[in-house]
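Take a look at these structures.
One chain, chain A, links the two complexes that follow: it is found with chain B in the first and with chain C in the second.
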Partner chain A sequence: MAVIEAIATHYLEADANSVEFTSIPQTYEHLEVRCSLRSTNATAEGVNNWMIVGSDSASNYHMHVAYASGTAEGGWPAGPDTKMTLGQTTGGGNPTANYTTLVVYIYDYTVNNSGKTVQFLAGQGCQNSANLTFGGNYQDNYTTISGLTFYFTSDKVARGSVFSLYGMNSS
Partner chain B sequence: MADPAYIVDGVLTDGEAWVPISSSTPTSTLLTLSSTNDGQVGDWSQYLDLVAIVYAQGSVAQEWEWLKGAVNNDYTNDKYAYQLVYTDGNASVIGVKATTNELYYGYTVCANESDYWGGMVVDFHDINSGKFKSIQTRSAADWGDGGRMYLNSQVYMGQEPITSIQMHVGSSGSINFISGTRIDLFGVLPRMVA
Partner chain C sequence: MACWNVIETDTLSSDTTTWTTGTLSGAYDHLCVMMLLKSDAGSGAGSSYYSSSTLVTFNGDTGSNYGMRDLQASSSTYGYYQLNNSANIGYPLASGNAYSDTFGAQTWWIPNYTASTAKSIIIQSYGASKSTSNQQWGVKYTAASWNSSSAITSISMTFNGGYDFMAKSTYTIYGINGA
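Up next is the complex of A and B:
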């Protein structure tokens, strides 16, 4: 078995309400999702990225982040929340060729005797409005992870976005 | 011509998603990594992303210097924009946004601190798309009595595929990489079969 294996890749040929990975095999040790994404919001320079694990939309998610936008910077905790935050994505406030990058690591996702740990780095180095967020999330749920859903609050994930899920093995 | 490893007896398979492309040990002022455009491992047109793992030192007599560079050998004014956050361990984390003519990969330690090296991981995203190209960096270096850490999201405002990457210590191209510098490049494949 490959050490890092591509489990699934979604190329959005049309705007979508969300992007889902389902039936994730339980045969890896960690997961990585690599994304290049954009929101359909007509004016926003940054809309929040959300993710839920499986069908868990209960108030089980907690996070800490470090954030910078221009010369502003900061960090804060949040939660419990009904969804996981993964930084921000550009919308119509930046040129249409600008897409945000997001890399998410999901650790020890098959464990069933503890909650789940997620780390992410999201950023957009746009000439208009830029931001960068590094953070960690905790899902207070012992169920093994077999599904992930990425979405925005009210906007669609724009055509041209790519989400690719990888499984990591130690041997 | 040899097939890539993911084509076995003429059949497309999903093997290792991270493909080692090259390892470089530069000692001169400029490292250029280029797609071979030949349908083999070094042909970047098959990859979704590229990842460079960098371990570097510069020859200049100072504590540290930026590892800078470009994609597609493009140093046009205002062709790059970045949002970074950094700290030197003393000051609070600082955010900076700017538009430039080159990429800022991260920090290299230099000849005044010869036992120390700078390390960074650089992700080049969706390199064959028609988007502006996003480059994400995680960089940190400690040299005993000092150090810096840095996260950076950059954009190359060009829509053509990335076919070459340039790296050099500082802007001028006058600083050599020190022997022991190592830069490994990986290609990241998407899922290719159902």
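Up next is the complex of A and C:
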């Protein structure tokens, strides 16, 4: 068995309300999601990425990030919240050719005796409005992870976005 | 040979002060290390130890051969820290023991770990927490260097402050091949 295996990929050929991975096999140690994504928001340069685990939309998510946006930089904690944040995605305030790069690591997703730790790195590249965010989320839920949903608050995930889910083995 | 290979994985069954890998094969081009770490700093819920930081050496080398810079946040203010000619790579984050069930995460990328030149490393770390109060959480991105011509054959970790790695802490070391 290969150490890293591709579990599923979503190529969006049309705008979508969300992107979901379901029935994730419980046979790996860690999960990794690599994305190129964009929001359909008509005017914003940056739109918050959200993710929920399975059907858990309770106030179980605790978010901690560092960011650099334009000439501003800082830290941002939040929670408990009903979703985790994974940085920002470019919207209609930037040229249509620009997509955000997002890498998410979900550690020990099959353990059922602790919460879940997620790390991410999001780069919203654009020639006149770049944004970098890195950090983590803690999901205070002992349930093993079998589903992931990516979405924006009131916008759609734009056509051309790509999400790939990988499983990482430890033996 | 596969591109990604598991070199070693370990999960603690009991608390440990110094955590050292076995001898690492030099058969790969790069290393990636993924860890979930928690220290026993504090006495559980309600203690003031929300996060801890690790000190890392290679091949048992405790000479002044390491350097690091990090970008970090543990409040609304962004900051940085540096060590020059240090005896270890400091201070990637892990969780403390303020909450019983939080584990911090570290991801290490070590390219060309067998090269005869100094080794460059990047580390993303997260002191996972349920708090939003200042200094009760933390995130860091670290650039580090080990000024040695030796291949990396082992990695050793302790916690700053001498705390233990708590049971259920885990790491996996991946060896990555080029074409």
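A few comments on the model shown:
What we mean here is this: the second predicted complex is superposed on the first by the 171 of 171 C-alpha atoms of A that agree within 3 Å, B and C clash if a C-alpha of one lies under 4 Å from a C-alpha of the other, contacts with A are read in each partner's own complex, and residues count from 1 in each chain.
In the analysis below, a contact is a pair of C-beta atoms (placed from the backbone, for glycine too) under 8 Å apart; a residue touches a chain by one contact, two chains touch by 3 or more.
Note that the structure is predicted; figures quoted are calculated from it, not measured.
Partners chain B and chain C clash in the overlay (superposition on chain A). Once the two complexes are laid over each other on the shared chain, residue contacts for A:T117 go to chain C alone; chain B is not touched. Of the two partner chains placed by superposition, only chain B is touched by A:Y99; chain C is not. In the superposition on chain A, A:F134 contacts both chain B and chain C.
Using the contact criterion defined above for the overlaid structures, shared-chain residue A:A66 touches chain B and also reaches chain C. Within the superposed three-chain model, A:A58 lies out of touch with both chain B and chain C [touch as defined at top]. Once chain A of one complex is fitted onto chain A of the other, the partner contacts of A:V3 extend to both chain B and chain C. Note: residues 2-4, 66, 68, 73, 75, 121, 134 of chain A belong to the chain B contact set and to the chain C contact set alike, using the contact criterion stated above. Chain A makes touch with chain C in their complex at residues 2-4, 29-30, 62, 64-66, 68, 73-80, 105, 107-108, 113-115, 117-119, 121, 134-136, 138, 140, 142, 168-171. The touching residues of chain C, counted against chain A in their complex, run 2-6, 9, 34, 36, 71-78, 101-105, 107, 124, 126-133, 137-139, 141, 168, 170, 172, 174. Per the touch definition, chain A reaches chain B in the complex via residues 2-9, 34, 36, 66-73, 75, 95, 97-101, 103, 121-127, 130-132, 134, 160, 162, 164-166. Listing the residues of chain B that touch chain A in their complex gives 14-18, 48-49, 78, 80-85, 92-97, 99, 123, 125-126, 129-132, 134-136, 138, 151-155, 157, 159, 188-192.
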